[in-house]
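Two complexes follow with subunit A in common, the first pairing it with subunit B and the second with subunit C.
This part shows the complex of A and B:
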């Protein structure tokens, strides 16, 4: 169920889990659209030659996934800030899950804070952060 | 004052708030989260990066939520990061908490003089964990306790920490290393008796009667 106003939101509420498409095809589409054609994002072998574990999902693409997740949950939301901390690389073609949960609600201001976590299949946190979101009152 | 502790007491010994440069959690929201999710912990210790937060007073929050909220620090040495429990203003005069190049021996010696307890944290982690530096610097003197469960651990980091603790006969604690609200309480430490302030925490750590816990599988 999607959220439309601040009154629909409760502290501790979990956003629907979002599994981002980190396939090489999708990452190539993103890098071409963004004008980033670095082989570390689009070629596993080239990335490994740089000492990376594989091709990387660009950080701004991960942030885009986070924003997309929030808008699937609350299409009317205005995301005023997404603050991410990258603890480990997000690798192309690996499976990830994005979890979000409401950790602060200001009914008067119409704002919520969302904890965001990108985990791999071993439940290890690769990226975490918070988003500040404005919702209609 | 934190009043009605269960017996035994379970504390998350490693958390960060917005006082840390990479912390994103407000302390009040940690409290709300613990009660909202009915987490099996009685409180937590704020171990801010490279500082001891003298200013903040969380006593009213602690009372409101009936939680134990204590303060420590996480400092940086050539052996990686080290939690310090029982920080006093006198201890803060012994070394520069903001330095990222503290000698571990200096931290351990100063802590001993001021009845504080140093605990290398996430010791199985590359670069910022103690095990990564043993080959270069040798086994440090004076380490008694290390963190063997860290809520932010990846790959084999906790396994490495536990193996190191077993090999060197270190005691082990657990802490979530939470930087965001929803990560608090993922790992913790169980103590047999009451802990109401930093002095009692130091006494309990020195007594050596505690057990590291992980709740990550339950999260």
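This part shows the complex of A and C:
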């Protein structure tokens, strides 16, 4: 269900799972838009030469995935804060799932807090985030 | 540089003093491409023709200062890693508007974990429009993991 006002939100509610596009083509598009060019993000072989398991999805892109997930769940949401902790690398072309859960609701203020995790196919958390969101009352 | 007194000295000398100022201008197509790659679907982030078109809310964390740390800041032993980023959007960032990013060290602190002592630096960029109105803050947390000394092992 798409959320439009604070009254549509329940404490403990889980957001619809979002599987972000971590393909090399999309990461290259992102790095060009962000001005974050570097072979560790856009070339698996070059990244492996640096000792990495493969090309990395930039942390700022993972953060962008979290915000996109919130907007997909609540198109009217205004995000006022996103804090992201990078626990482990997110690898280009691997499959990831983003889960979110509502951890606080203030009906009077129209604000919610959301915990977000980016996990891989082994259910290992790679990125953890918290977001503060304003919704129409 | 391994005791808390040193951290206090660094805090006293370096916190909350701007050490880098950059200006930025972004085209609408660049902002839309950033949003689309992240999976945004709202027209206000993806369609430059939308009346409310703006940068996606996490865009400020992509802005980088030229200097990572203030001039004269001591080099700490250990490997530095990007530990996280935080963004607090306050007002929309629009294409074609000159932005000024002013960067300072916002916090320095130490934690002890299973792998030893870690020192964290929080660098904050405050982003302003040409009128001096603050549009966002973007924090970068860098952690330096120190190798335990023989004395620490006893």
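Assume the second predicted complex is superposed on the first by the 137 of 137 C-alpha atoms of A that agree within 3 Å, B and C clash if a C-alpha of one lies under 4 Å from a C-alpha of the other, contacts with A are read in each partner's own complex, and residues count from 1 in each chain.
By definition in this document, a contact is a pair of C-beta atoms (placed from the backbone, for glycine too) under 8 Å apart; a residue touches a chain by one contact, two chains touch by 3 or more.
Since this is a predicted model, take the numbers as computed values, not measurements.
S.K.: Identify which of subunit B and subunit C touches the larger number of residues of subunit A.
M.R.: C
S.K.: Determine, under the contact definition given at the top, whether A:83 touches first (subunit B), second (subunit C), both, or neither.
M.R.: In the superposition, A:83 touches subunit B and subunit C alike.
S.K.: Quick one: classify A:51 as touching subunit B (first), subunit C (second), both or neither.
M.R.: neither
S.K.: Check the residue A:104 against both partner chains and state whether it touches subunit B (first), subunit C (second), both, or neither.
M.R.: first
S.K.: What is the contact status of A:35 with respect to subunit B (first) and subunit C (second): first, second, both, or neither?
M.R.: In the superposition, A:35 touches subunit C alone.
S.K.: Share the list of subunit A residues that count as touching for subunit B in one structure and for subunit C in the other.
M.R.: 83, 85
S.K.: For subunit B, which residues are in contact with subunit A within the complex?
M.R.: 22, 24-26, 29, 32-33, 36-37, 152-155, 179-183, 216
S.K.: In the complex formed with subunit C, which residues of subunit A make contact?
M.R.: Subunit A residues touching subunit C: 18, 20-21, 26-27, 29-30, 32-36, 59-61, 63-69, 71-72, 75, 79-86.
S.K.: Name, in rising order, each residue of subunit C that touches subunit A in their complex.
M.R.: 30-31, 33-42, 45, 56-59, 61-62, 82-90
S.K.: Across the complex, what residues on subunit A touch subunit B?
M.R.: It is residues 11-12, 83, 85, 87-88, 101, 103-104, 113, 115, 117, 122-125, 128-130 of subunit A that touch subunit B.
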